[in-house]
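Presented sequentially are two complexes of chain A, the first with chain B as partner and the second with chain C.
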Partner chain A sequence: MLEVVVLGVLAVAAASLDAVLAGGPGPFREAARLLVLERRTTPQADRLLARIGAIALPLAAALAALVVPFGGHAALDTRVGVVWFNAMEVVGWAAVWLVGWGANSAFALVGGYRFIAQGLAYELPHMFALITAALAAHSLDLRAIGAAQGGLWFGVWMPVAFAVYLVSALAMAFWGPFGAPLGADIAGGAALELPGPDRLVFLAGRYGLLAVASAVAVPLFLGGGGGPVLPAWLWSLVKTCAVLALLVWARRRLPVLRMDRFVQAAWVVLIPAVLLQMLVVAVVVVD
Partner chain B sequence: MTVLFWVLAVAAVASGAAVFAVGSMARATFALLASFLCVGGELLLAGQHYLGVLVVLMMIMEMLVMAVFMVMYMMDPAGLMPMSMVHNRRGALIVSGAVFAALAAGVFAVPWPARRGGPPRDPAAALGQAIMGPKMLVMMVIGIAILATMIATVVLATRTGRYGEDGAR
Partner chain C sequence: MGLRERLRGFAARSPRPFVVSAADGTGDRLAVEAGLRARRWRPAVSPAETGVLVVCGHPGEALAEAIDVVWSAMPGPRARIRPDELDGIEPDGLESDGLESDGAPRGAASPSDDVGMADRADDRDGLRLDVLHVPLGPVLADWPAGLRLDLALQGDVVQSAEAVIVDAGGGSFWAGREAARRLDGAARFLRVAGWADAARRAAVLRDDVLDGRPVRDRFEALERTVRRSRLLRWMTRGVGNLAPDAVERHGVPAWCVGDVAGRLDGWLREIGAALDGGGTPGGHDRDEALVSVLPELVTGADLGQARLIVASLDPDLAAVTARA
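On to the complex of A and B.
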């Protein structure tokens, strides 16, 4: 269970780093502000669905964290960690859509639908990137995949899959260039009408998802706990922090993508590129 | 284990029934999703970890896509006005009652064979061997056909259609 707690701390650290980069209030002040914010309601809102959506996001991040290995140990002993991570990350689709739908507000609904479009664009390249790493390691177990990269990191000899994974990590947390579902052009999108505490839970889940996606990149593409001198769990932690910092930093460095453009780029460029990458890896591995 | 099985089983049936009792398409969709998630939980309980997680993964994506389409085709697109999820009540009751009776009769009437062999060490690998080994050609053809269908559907559904941004109209 320690791994899940560590990822929770990393999520708070990500929020702090983002606050420093943006020059805004830190996560704890922001949390306190959200908690005392006056509750606002919309007429005929589907409160049950909106609340399920807000809670589902941090819950999914925590459940996904169960299979994330630090060093060679994960909280949950399962051989299908890659599929489990994938399934929990898809819960984000439901969460954002429910939150957007439940408010009975046009802009929130637009934000919810934007995330479905984004999901349909990033999910297939994301799955192919996951499968590519699993294929090279002959395993769906994140620990086994991390341990299979003794000589050369998967991120080095399958750079396309790694790049696609990083893009999809940003997209699944609707972060930075993929922040259109919560875009300023639709007044805050899916989260527009969320009351303070619900918004706190929802945004915490988003940081959690970002932390988990960063941590999973380590066993998939960055050699897991491999490295000189330091113990394996510390190497995992250091690499996770590096990926997480990169993702947080990217938020304000890249423009927000228009959804139709991203869908087109995903289907026309990313899917063929990652399929070719998988072909290359399959030929190398079988040989 | 047995307790968990029954909890999930009752929850699956109850949320399946809720699909027809709730008043909005969004709630109906997510009640159905809850039912499928319980079924995925049952598979996990049965030791089929890969299949169970796969059911969870695919059903969430499917239900979200279904929600988009169902809401799109509704006479009340916002879906916030309560509407009945039940149509042709008497016919549906007769059909579903007959199907249930036939299936339940089958459960008791069929002489079940005794169990042979044990579960494999790695069920996911055994499943992969079973469908990708002797049936490899079929799986490859189906896989390519599904991908081609998806891409063709997306291309045809876009505003510009198959002619591209500035194509012939």
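On to the complex of A and C.
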């Protein structure tokens, strides 16, 4: 279970880095502020649904963290880690939708819509990127995929799949350029009406998802725990921190993407590109 | 001293105020934004996520009413302050039972977030969908002070719109400050576009221009960053396209013709020219005309596009004569 705890700590570190980059108060102060905020709800809100959604997000992140390997060891001993990670990530869709729907508020509802459209855009390219790495390693086990990159990292010889994975990591955590579901233009979107403590839980879940998505990039594309001198678990940690820092940094550096334009690019450009990548990988692997 | 009081004391040192401005509140708003930056506080994007409300300027009756509705629905511990009171925020004495009271709604919902009654109509694809009547503004972050757009939405697509001037008059803060006005417009536009970093740089430049500090080099760097952003161009090209005949029909200034991307480009050019001390564009903006083109421009757009369109026209209602 140590791996899950480490990812939790990384999520807090990501929130701290984000606060520094934004020039705002740190995550603990913000958490205290949200905790003492009075509960209030909109008329006829479905509080149960909204609360289920808020809790589902960190739960999904924690469950996904079970299969993330540091070095060669993951909390849960399973041979289908890639599938498990993918399934937990999709739980996030339900979480955001329930939160947006449950508030009985127009902007929150629009935030929910936006995330569903975003899912339609990123999920297929994302799954093909996962499958490409799994195909090359002949395994759905994240530990085996990490160990299969002795000579050359998958990220190096399948750059399209790696790039698509990084894009989809931002999208699944509705982060930065994919932050429209919680957009400032709709006053905070899906999270608009969440009472303070629920908001804290929900946003913590988002950082958790971001940390897990960063950590999964390491066995998939960055050679897992491979590297000189340092022990394997430490290499995993160092690489995870690097990916996580990159994703956090990207948040404020790019404008937000609207799905009315991005969906088209995702289907016309990203899906064919990653399929082509998979074809190349398949040919190389079969040889 | 219990845990709750300690938490509250710890949190109170960095509140997250929601800032709302009356038409004549621009000067106050700039002071508040600078004050927040200096204290390393961040503004809230909605009144629902905070208990601290800052009211800039002097709201007229209609706007004051809208602000009261929002205020009554904000979660405690609450404080409603003037722009010069950032250091003396005293939350109301919300008792601990208030913290535990589980969600009985206090007061009405804010006008911007109540779904209200839904009816049904055919959408653009001939599907029968719910129609929601949703006001945009007047209490909304990065929104022209005093403006309200009454929208009929299907999903997040605007089916029809009506522009209402809720608060106006007081005289424009920007007279003779063209560069700062456009930098302020650009900062709010970039925030609406979700580009926090560029927005922050534009806001800092705006404050420096007003203080008479040299900004030419930093502005050129920002201009390069914004112009080179393919993502921003991709998201703004072809959005909110205003046909040339609108100049005659509505009396809007010529710079408004074209799409959102074009208008932002125009602003950047205008700021550059104004900083060089030359060619301040003639006449003022006929801000009332800017409001009158909004309904037809946002109809058919989605909510995100509608926000960009409004931000790219940025009417200053302080320059509009107040009506009875």
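Here, the second predicted complex is superposed on the first by the 287 of 287 C-alpha atoms of A that agree within 3 Å, B and C clash if a C-alpha of one lies under 4 Å from a C-alpha of the other, contacts with A are read in each partner's own complex, and residues count from 1 in each chain.
Everything below uses one rule, namely that contacts are C-beta pairs under 8 Å (C-beta built on N, C-alpha and C of every residue); 3 or more make two chains touch, one makes a residue touch a chain.
Only a predicted model underlies this, so the values are computations on that prediction, with no experimental measurement involved.
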{"item": "Chain B versus chain C as contact partner of A:Tyr113, first or second or both or neither", "value": "both"}
{"item": "Partner chain(s) touched by A:Trp175 [first = chain B, second = chain C, both, neither]", "value": "neither"}
{"item": "Contacts of A:Trp267 with chain B and chain C, given as first, second, both or neither", "value": "first"}
{"item": "First (chain B), second (chain C), both or neither touched by A:Arg252", "value": "second"}
{"item": "Touching partner for A:Asp46 - first (chain B), second (chain C), both, neither", "value": "first"}
{"item": "Touched partner set for A:Val91, first chain B, second chain C, both or neither", "value": "first"}
{"item": "Chain B versus chain C, judged by how many residues of chain A each one touches", "value": "C"}
{"item": "Partner chain in contact with A:Arg79 - chain B first, chain C second, else both or neither", "value": "first"}
{"item": "Partner chain in contact with A:Val36 - chain B first, chain C second, else both or neither", "value": "second"}
{"item": "Touched partner set for A:Gly196, first chain B, second chain C, both or neither", "value": "second"}
{"item": "Common interface positions of chain A, toward chain B and toward chain C", "value": "104, 113"}
{"item": "Chain B residues touching chain A - in the complex, by the definition given at the top", "value": "24, 26-27, 30, 33, 49-50, 53-54, 56-57, 60-61, 63-65, 67-68, 78, 80, 122, 124, 151, 154"}
{"item": "Chain A-facing residues of chain C, complex", "value": "4, 7-8, 10-11, 13-16, 37, 40-42, 45-46, 48-51, 73-77, 94, 98-99, 101-103, 105-106, 109, 112-115, 132, 134, 140-142, 153, 155-156, 190-198, 200, 229, 231-232, 234-235, 302-305, 307-308"}
{"item": "Touch list for chain A against partner chain C, complex", "value": "22-25, 29-30, 32-33, 35-43, 47, 103-110, 113-114, 177, 179-180, 183-188, 192-193, 195-196, 199, 251-258, 260-261"}
{"item": "Residues of chain A defined as touching chain B within the complex", "value": "44, 46, 48-49, 52, 78-80, 83-84, 86-87, 90-91, 93-94, 97-98, 101, 104, 113, 116, 119-120, 123, 140, 267"}
